[in-house]
Each structure stands twice: as C-alpha cells, then as structure tokens.
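Below: a set of structures, written as structure tokens.
You will see chain A twice below: alongside chain B first, and alongside chain C after that.
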Partner chain A sequence: MDRSNSPYKRSLRVFARDWKNLASLGFVLLLVALALFSRFVVTCDPDHQNINKITQSPNLQHYFGTDSLGRDLYSRVIYGSRISMLVAFITAAAGLILGSLYGTVAALGGKQIDTALMRLLDFAYCLPTLLLLILLNMLFGQGLVGIVAAISLEGMCTVARLVRGQVLQLKQMDFVLASLALGSSRSSLFCRHLLPNLIPPLIVTLTFLIPSNIMYEAFLSFIGLGIQPPYSSWGTLANEGWRGMLSHPHLILFPGTAIFVTMLAFHFLGDGIRVAFDPQSER
Partner chain B sequence: MAAVRKLLEALACLFFVLFASFLMARSVPGGPFDQEKAIPPHIKKFMEVKYGFNRSPIQHFFSYFNGLFHGDLGVSLKFTNRPVIDIIAQSLPSSLTLGVSALALALLLGFPLGILSAWRRGTWLDTASVFLCVSGVTLPTFLLGALCVLCFTHWLGWLPPARLDSAEHYIMPVMTLAFRPCAIIAQMTRASLIGELKSDYVRTARAKGVSEARIILLHALRNTLVPTISVLGPVVANILTGSFIVEHFFAIPGVAKYFIEAVTNRDVFLIMGVTLVFAVIMIATSLIVDLMYPRLDPRMKNG
Partner chain C sequence: MQKWSYCALCLLVFCACTRTPKLQKNTLRFPIPSEPPTLDWSLSNDHVSQQIIYQLQEGLTTHDNKFNVRGALAHRWEISKDGKTVTFHLRDAKWSDGVSVRAADFVFSWQRLLNPKHAAEYAYFLYDIENALEYNTAKLQNPDAVGVKALDDKTLQVKLKNPVAFFPHITTHPITFPQRQDIVEAHPKDFTEAKHLRTTGPFILSQWTHDSKLVLEPNPQYYGDKPTLDRVELLVIKEDSTALSLYETGHLDVALRIPPLDFDRVSKWPDYRSVPYLRGYYYGFNITLKPFDNIWVRKAFAHATDRKEIVKVIKGQKIPSISWVPRGMPGHEPDIGLTYDPDTARSCLSKGGYPSGKNFPSVTLMYDTLEMNKMVAENLQFQWKTVLGIQNIDLQPQEWKVYLDTLTRNPPQIFRMGWGGDFPDPHNFLDLFLSNSGNNNTRWKNKRYDDLILAGSVSRNQSERMSKYREAQKLLLQQEAVIIPLFQETFEMVIKPYVENFVIDELEYPHFKTTRIRLTDKTHP
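Up next is the complex of A and B:
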C-alpha cells in the first residue's frame, strides 16, 4: 500500500478510511448528477399543467404528488435542484475567489490598506445575513443574477476574513522569511509559497460555503424575495407549498426534505474533509 | 476607557451601516412610486420632491440622518403617510418577545445539553445530542415549522397554526426559532468542555480524587464560558435571520414581516427603519459580548 508522505495523499487516506465520508461523497455526487441529468430522470415536463390532476397525494404515477396547478411535484423538485445547485456552486466559487483576493490584499498590502479593507467588511457583521442579502439584492436588482451577486458578496466577506488570518499566520513562518531573504518577488511568494498552503483551508471552506448558500437561497426564495418565475428552486417550491400546507402537506414536505437531505450530505462531507486536512487526524 | 472607545467604534459602525444600506435601499430600480397604475408625471415629480428623491443620494441620506436625531424615521410610502416609527412601535413588541424567548429557550436547553453531552461522551445521550445538533444546523427553518404545524395542529390539534393572539400562539414559533441557535450553543459548549477536560488542571483534580461532577461544575465550566459567550453574536444574528422565516411562516405581524413587505413595495423609509432596528440589536450584542470578555477572563484585560 502506498504510504507516501504527500499531504494530499495522506488526507485522501484519512478521508477514505471512514465509510461515512465515502457515503456522503457518493450522495453529493448523486445529487449533482441528478441536477445535471434531470432531463432523463423526470417522469414528465415539470411545467406541464394538468387540470384533471390537481393536488394529488403521492401515488405511483406521481411519486411526490401534484401541485395546485396539476404539475408533477417529483419532476419539479428534480428540476428545482438545478437552480438550487447552480446558485450554490456559482456563489461559492465566486465568493471563494473574491474572498481569497480580498483577504490576501488586506494581509499583504500594509497596515492602512488592511485597516480600511477590514473596516469595510465589518458592515457584513452589523446586519443579520438574510437582511444583508436582501439589501444587496436590491442593489443588484431582482432575478437570478442579482441573487447570485448578493450571495457571492456575502460569501466573500466570510472567506476574506479567513484568508486574511491564514496569510497573516503564514507570513510569520520561517520559510516565507527565507524565500524573501533569497529575493523572491511578492507575486512569486504568493503563488509558490502562500497559495499551496491556503488550498486545504479553502477546500474546507468551500464544502461549508455550498450548503450555507443553498440554505440562504432557499430562505430568500421562501420569503418571496429570491428566485422568481419562470425559474423555480427548492425554496420557491416550499413557498408555493406553504400556502396550502394544512390541506396538502406534501407540497412543502418534499421540497423541504430535498433541502434537508442535501444539507446533511454536504455537512458530513465537509466534516470529513475538515478532519482529513487536519494534520493531527491520522494519529 | 476601553469601554468608551468600544462604544464610539460601535456608533461609527452604526453610522456606516445606515449610510451603506440607505444607498442600497434608494438604488432600487423602478423607484418607490412606480406602481401598476401609472401616476401622472407632474404628481410623480411632486411626490419625488416631497420625499426628497430629487436630491442626490448623499444629500438625501444626510437629511434622513438629521431626522433620526429628532426621532423622525420618515413616513411609509406605501401605508400612506403612516410614520415609520409608529409601524415599528406597533410591530416590534411581538418580534422582541419572540426573539428574546427563543434566545432564552436556546440558552436554557443548549447549554445543559452541551454539558451533558461532553460529560457522558460516547454514550447514547451524547449520540442523541450530536444528532440533534446536526439536524439543528441542516434542517431548513420552514421544514421544521411545517413539521411542527402538522404535528401539533393537524394531528394533535393542540396549538393554533398561525398569528399571535394568545400565549399558546407563541409556542410553535418560539420552538422553531430556537432550534438552530440551541444546536449552535450545545455544539460549542460540548466542544469547548471536551477540550477543557483534557487540560492539566483537570488531570490534577482527577488525580486528587475530585468527583467528575465537581470537576465539571466547579472547575471546567467557568473556562468554557468564554467560547460560549463568543457564540452569542452569531446566535443573535441567527435568531434575527430566522425571524424573517418564522414571521413569514406563521403570519406574525412583526418587524421582519413588515420588512419583507417593504422590500416588495420599495418602501425606502420603512426598509431603513427596520434595518436600523436590526443593526442596533446586532451591534449592541457584539458590544455587550466585547465588554463581558474581560470580566470572564482576566487575561483579556490587558490584551
């Protein structure tokens, strides 16, 4: 068996040792595949209205039942995962990239730039996240683009703090001093020494950013300020279901459970990755 | 002196938040006077002048800010000419009752749960509490609300499904709102107590034969207070975020519900009024937490 000491191989080994990690990884991949290939998984057109089959309970023909316009809820939940996942992945990636840049500039740019940039971030910590998202959404305009921009910026604030802390810590390390003493430029210092050390914490952040972004998008859509028709995400489906909840509980339970199950899978995956990258985990 | 400095910093932060959110709220495309039925242009112009929308955003903000010092939060643009302060005064009490009860419930349940879980680490009790914490973080608030309503209203018929007319109306919203913060508090308490139980002074106490209950309650618990208090900021933020979902879900006429309506109506001054309330709560919380640190941990007095 390969016992090399490359940190990534070691992390992989720690990760693969626990069946829970593998199961959650498999489940996340399955969800992504469902979103990507939803066209082949659905049983009928998610927008097709059938006036003879409104608000049916789950049955063999319509696994999750039908909604108040006679649309197949199973197909709508599967299609809803596309928007939920798309928003979560794009915002997480954008937040990660913007936040890393912001945090690195703050940490390496000198005291004044650091103070100014960090004060600007304090804004995000003076308001509850959902309210901040709504305000940002007003700035960027409603619709898919506005929501993506708002959630990305919110994620940026979290990532920037983390990356700044990491870079400040790394800056104190001997190998950075040695590299500076050997005359390396700021950019090569960043690319060759800082970035490789930042990647593990960033991967861990990514696995926590994706589920929290799924949740924020769902919350925004649930209160009616998120995704608007013709698109629908799990949050919009839950909002539609909420209206007729007492008479037709399946309308809110299925989209809600879809979010819950996805959150669980990402939670365990994130936990596994965090442990795997922890240098003390193997012992 | 440090306290005064922190207070000034908090006020500066509040000013900055108000400034930035005013610019965002005012920048809404469409403007507050665009409705389904078009208003005649001269009337629209007149209204813009009346509410200050003809001025530059910065000038507009400072006239608004000036008004704040005189207790004038502006008037609602949708609920014609109702002062924002009236709307907030009317809706804040129910929101506050809800939020404070949820916070109290989360602390009362989360803290003991975390202690028990760390004490009986590895037993079924610990597993159950960890399971509860994970679902607390991953369960969407509206699914929890739906399960509560289905269980207590639909099947058992014990509790009313929505609105706030009597004390029992509060039970479900408070439970729904408190679940996630409770999980966060329990998780944090458990983790920090487990860390504390590995430290040297605990080992010494054990070697001297001190009972486990005494070690936890008299020695270790005090040291877990600092990390637990530091989670108070995120917990309050969580309750405020949750209040949007819960007030929408249970049709509670609180500030968050008005905020959602105000955003749909582009009611700039009402948006600002609610933002002000939430920002004051958030900033006050972090100020209180900051001021509590040195009392709990004397090492922080000089740091």
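Up next is the complex of A and C:
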C-alpha cells in the first residue's frame, strides 16, 4: 500500500495547502503556549492593585493600560487566557467523551434505551442554549466548577446526537457485520471498529466546540454567573470593560479583541480540518 | 423590486437611528436602582421603597431642611410633663379617594406593624410605646393593649414606656404612616398596586409596571401646596452606567450615582454635584460563624482595612470613616473605631490563632450587585490578602432583593451593608445593633450594649445621652469589632440644567414636591 495515499496523509496535505489554516493553527498554538506559560509572559502580578495608577491608558509600562483598581490589563488579559483556554479545552474534552459514550450507548443499547436517552436529549435540546447554560449553572453553582459542568453538559448534547447517528450508520456496514459474525464482543467492536471511524467527525466537532465554549464561558462570566473575582477570564474583563466604554475604551477593546481573534482563529482551523477530512475535497 | 428593497432598507436604517427623545412637558424622569421590594410602608425596610413611599404618603410629623420636626398630618402635639404621653391633633386631610384621615388609621397601621404575624423588620422602631415589644414578641395577644389610642377621629394618644426624647422624630418615618383598614383588608395581597393604593401625600401612584417603571402624578386631595410637576417617572435601572448613558442621551433628567469609571470625565461637567448624606457604608461579620466568632480575627480585619484607599478607588468625595455615627449628626465621634495599622492587624491575627494567615478557613464575602460594591469588595479582598496573607475569600454578589433575604435568614461570614439615617438622632444608627433589632444581621447580642442604648434613649440630659452613646460605640467598634465602618456616602450626581429646585436631603429623600422643570432649555448639556 502506498503510504502517501493513507486518508490521514491526504487530509494533512489538503490542510497544509491553505495558508489561512496554517496561520490559524499557528495562532492557536501560540495562544495555548501563552496560556501555559503566562507566568513568564506577564509584566506584573495581574491581581496587584495600585491605586495610584487607576484607569491609565495604554503606555510603555502597561501595554494595555490599567483597570479601575489599578491592575495591569495586559497581565490580566494574558492570565484571562488561562481560564478561557482551560475552560474551553476541559469542557470540549469532557463533552466529547461523555457525548461519545452517551451516543454509543443509545445507538447500541437497544430500542428502549435509545428512545429513553434520546427523548431526554431532545428535551435538553429544545431549550435555547443560553437558557440551558444558565439553568445548568444555577444547578452546579457559581464559579469554575459550575461553569465547566454546565458547558460540558451542553457540549455533550451536541456530540451525543452526532455520535449516535454515526454509530447507527456504521452498525449496518459490512465490516461491522463481519466482525459480529466472527464473534467479537461489544467493547472490542466499539474500540477496534467503530471508534477509528468516529474520529474524523469528532475532530471536526472538537474544533467547533472549543470556540463556542470559549464564547459560552465569556458569556456566562459576562452576565456575572461565571468566574468570581479576583480570578478573571476574558468574559469578566469584558464585563468590567463595557461599563467604562465611554470614558476608558481600552478596558473593553483589549479583552474584546482577544475573544474576537481567538474565535476567528478557531473557526478557520475548524473549517480547515472539516475540509481536510472531507473525501470530496481533493479533486 | 430592487427599488422596494432600497426603500425598506432606508426605512430600517431610519428607524434604527436613535433620537434624543422629545422632552415631555413637566415630567421628571428619575432612576431607581431596583424594583422597590414593597410599597407597603409598614413592611418596607429598604431605601428604594421608602424613597418612593415618601412621595406618596405622609405621617404625623415631618422634617424641615434643618431637621427640625414640624407637623404634617398632625398640625400640633403635646407631650405630658413626665414625657410619657404624646397627644397628636390631626389636621383636616384627605386620602386620595376623598376619605378623611382619621386617628384610627394610625392605630390600625401601628398595630399591624407590630403584629408578630407580619414579622416587620422595622417593628422595633415602636418599641418605646407601652406593650409594643410584648405584643410584637407574642407575649401579649391583644393589640389594643399597645399604648396607642384614637381618642376621637382627630386625636391620637400615644403612651410611652420610656420618655424617649426623639419620639416626634420617629413619627416622620414611613414605617409609622397611616394605613387604610378597609383597603388593606379588601386587598390583602395587592393593596400596594396602583389600582388599589390610597395615599395622603403630594403624589399618587398612577402606574406600576413591575421591574420597569412607576409613574407618580399629583394627588388632587393633598392638603398642602400642589406639586408643580405633572408626572414623575421612576425607571428601574439596575446598572449605574446604564443610568448615566440614558442621562447622556436625554432619557433621564437625573443620574444619582456616577460609576467610578466615568467619574473623571463626568465630574468636569457643569451639571455635576456631590451631596453628602447620612448613610454609613460598612462590612459586618456574622459573629456566630467561624472564624469571626473570634474577637481577635475581627479586630485583625478591621485594622487591616485602609478606608482612604477604598475611597480613592471608588472616586468621588465620599468621607472615609472608622467610626459609625456619620458626620452631621449629634454623637458623631470620628476617633472611635479601629484605625488602619498593618502591624497591629497581623499581631491580632496571630492572637486569633492564624499567624500570617496560615490555615485560615475559606470565607464567603457577600455584597449586592452594584458596581461600586464590587470594586470595594475586590479592593478589600486584595487589602486583606496583602496585609494579613489571607488568600481564600470568595466573593459572592447577589441581587438586592435576594440579598436582603439572605442577610435576614442566613447571613454569610462577611457582608456589605449600609445604613441610611431614618431620623437625625444617633439612636437611629446605634439601635441597629441591639439584640432585638430586626436589621442586626451580625447576630451579635450584647446585654451591656442594649443597656447603654436604652439609658441613652431615655435620658433627657443631652451630654449624658451622648456619653452613653460614646461608650456604646466603643463597645461596638473597638472592644468587640462587630462591624467595620468604611465611609460615609455622597450622591455623586448629575442633574439637567432645566431641572430646578431638585433637593435630595441628608436622609436620602428626594423632594419631588418642590422640583420644577424649566421647559425652554435644550435637552443636552
């Protein structure tokens, strides 16, 4: 078999062809690095309040200026990326794992289990996303744990439907029937045959899940349900910033730009990956 | 077809453009920071409600600009020689539906306020009346045993247990205003709605759209000078910054609280004013919860609090204060309290068993969701972390109505609270922390404090009164450190130049009755 024609190699080739994909991948990697090593990138302690330097405009000492309590906004935005990234990745991973299990159990568990699980999901699905998030957040309490739990469960709903559909489709395929006929157990069927075929759509979902989770975290923190002070995410920074929009525009500008650019990069990346995994994409 | 789309688009753009609204003739548009929790004056316990009630209703007495008591619904009163009987003579005043005001309306109102069934937080205001405490705490079942009687339709007699010097001040407060028995009993659940509410003050409530706005209109039956305004719109605007932008776009005529972030810009305008008033801002401890059951821990926190820094952060001309009774009131003792002293703070914390903040348990600090409160909370969190090394203070904001409920039922370890003057006597600030006060959220009960306050309230010798109050303040703030007073508040406000005679007094009551609108002016500063 010619290795260069393996589906993953082919996808990689398609992905690398577009500069936008590479740029967004680079940017996302940079963001992850910033979040991981934020301690070394910041110029001062993001929680340190200096009341003699309240709401300064951007300058050489404070690149993004200072906020209403005299804290360095640049350091806060960098530190904010930690919370935003942490929440986004944990919730995306949790949503993915829970959703895959949920969807597979529904698809393979027999008709009654399928109906019960899917109706439950439908119920959650027909609530507007933001309302569902707020309800879940109320259930789990404010703060980091509550926000992670709420967004994970929200992500689970999306993934579970997708996985169930995929598994139902795969279940009818000849290679699955063959494996069943040869007497393989359910777990080995799942691990050896179904999972490898689920990975491409799941990767695509993941890249869309992450930006939407960043957005949800920002949203919840923005309306005051998320992270509590002194911790800050981009959402809480934006919340503090909009109040002073007329007098001190830099307070909303920088966190807002951070959210915007990050979302954009993840969307390009997600789109690139989707195209790359699409068998139709290479003529 | 394309032409039509263009037209539609133009129309859309046109509609989307906001205009400065046309100034409505003689209407004052005034922001209130939350939906008033209740307009039932007997049960109200917060200032948003009482500011509105003050426009709608009057009591036996009222204050002039210098805080002298003068008659309102009572045109005169007599105090007996022993100081224990006060007789009020009512004037010929009418309720807004034309029914005459009777002494029995007061008797009904006060008995209702004291009825243990209602659990009114302000019931203790009347505890100086004979048998009031006993009835309110269900030791007596008969409301008629309470020392308030209607001798006839126009004469109200009050028998006091203690000859309190400030009783005619108490009757200026909304909590003592008369109630209509027929209305309250006909609509027990919703007599405060616009369609049922009857009042005797300069305005009537003509519309109440919950969580949105209240509309006041002049009361045609009012006995005094008619207000010049035709209409007052009280708009529920929770965010101060929203109120300010509405003011800037001409949708509001007054904004009472300039957000700290906008202060530097707005304070340069000619419409900016700073008005101090009798309201103290403090942090209280629930002293029944660990670690604040320990006096040393409380003292450590008080010594670690730099009020000047807080005032700098929130901007404006607020007055930092370590003491409790505000400036402008008799009994103001600026030196009583625990000063900012990091070294003493740290040694107090060591004595409390937490050297350098080690092993300090996780603590919940609550505040209500106003921008300023959040900034104060964050600043204190940082100060205590810097001075005491305490890392784990969780901040929890709550919406005002929920917050009041939390404080009554289950106060957290540390909470923000304020107290605005109800009448200009130090008693009003000090009786808050009595064992039986419904507004004492600290759960602190101290016999000696109670005795001192009682002794102060019945004494007719002013200097003796003040010395009792001084001792009580030392006990509250220095020896026991139950609360940390932070500062005395000011209204940092902006008023449109066409609004004339707008007064907001030191008890925080806006006087809409005398406010005028000059209509020839432009609408924007």
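Criterion: the second predicted complex is superposed on the first by the 280 of 283 C-alpha atoms of A that agree within 3 Å, B and C clash if a C-alpha of one lies under 4 Å from a C-alpha of the other, contacts with A are read in each partner's own complex, and residues count from 1 in each chain.
The working rule: a contact is a pair of C-beta atoms (placed from the backbone, for glycine too) under 8 Å apart; a residue touches a chain by one contact, two chains touch by 3 or more.
The structure displayed is predicted, hence computed values, not measured ones.
Enquirer: Once the shared chain is lined up, is A:L60 touching chain B (first), chain C (second), both, or neither of them?
Expert: Touch status of A:L60: no partner.
Enquirer: Which chain makes contact with more of the residues of chain A, chain B or else chain C?
Expert: Tallying touched residues of chain A, the top partner is B.
Enquirer: Return first, second, both or neither, reflecting whether A:I51 touches chain B, chain C, both chains, or no partner chain.
Expert: A:I51 contacts chain C only, not chain B.
Enquirer: A:I259 contacts which: chain B (first), chain C (second), both, neither?
Expert: It touches chain B, and chain C stays clear.
Enquirer: In the superposed arrangement, does A:R243 touch chain B (first), chain C (second), both or neither?
Expert: After superposing on A, A:R243 lies in contact with chain C but is clear of chain B.
Enquirer: Check the residue A:S68 against both partner chains and state whether it touches chain B (first), chain C (second), both, or neither.
Expert: second
Enquirer: Examine A:G224 and indicate which partner it touches, taking first as chain B and second as chain C; both and neither are also allowed.
Expert: It touches chain B and chain C both.
Enquirer: Under the stated touch criterion, which partner chain does A:C126 make contact with: chain B (first), chain C (second), both, or neither?
Expert: It touches chain B, and chain C stays clear.
Enquirer: With the two complexes superposed on chain A, say which partner A:L182 touches: chain B (first), chain C (second), both, or neither.
Expert: A:L182 sits against neither chain B nor chain C.
Enquirer: Return the residues of chain A at which the contacts from chain B and from chain C coincide.
Expert: 224, 242, 246
Enquirer: Across the complex, what residues on chain A touch chain B?
Expert: 119, 122-123, 125-131, 134-136, 138-139, 141, 211, 215, 218-219, 222-225, 238, 242, 245-246, 249, 252-253, 256-257, 259-260, 263-264, 267
Enquirer: Where on chain A is chain C touching in the complex?
Expert: These residues of chain A touch chain C: 47-49, 51, 54-55, 68-70, 142-143, 224, 228-230, 242-244, 246-248, 251.
Enquirer: Can you check the complex and tell me which residues of chain B touch chain A?
Expert: Touch list, chain B to chain A: 13-14, 16-17, 20-21, 23-25, 27-29, 134-135, 137-143, 146-147, 149-150, 153-154, 161, 233, 237-238, 240-241, 244-245, 248-249, 259-260, 263-264, 271, 274-275, 278-279, 282-283, 286.
Enquirer: Under the definition above, what is the set of chain C residues touching chain A in their complex?
Expert: Spelled out, the residues of chain C in touch with chain A are 239, 241, 245, 248, 259-262, 264-266, 309, 312-313, 369, 371, 374-375, 377-379, 381-382, 385, 394-397.
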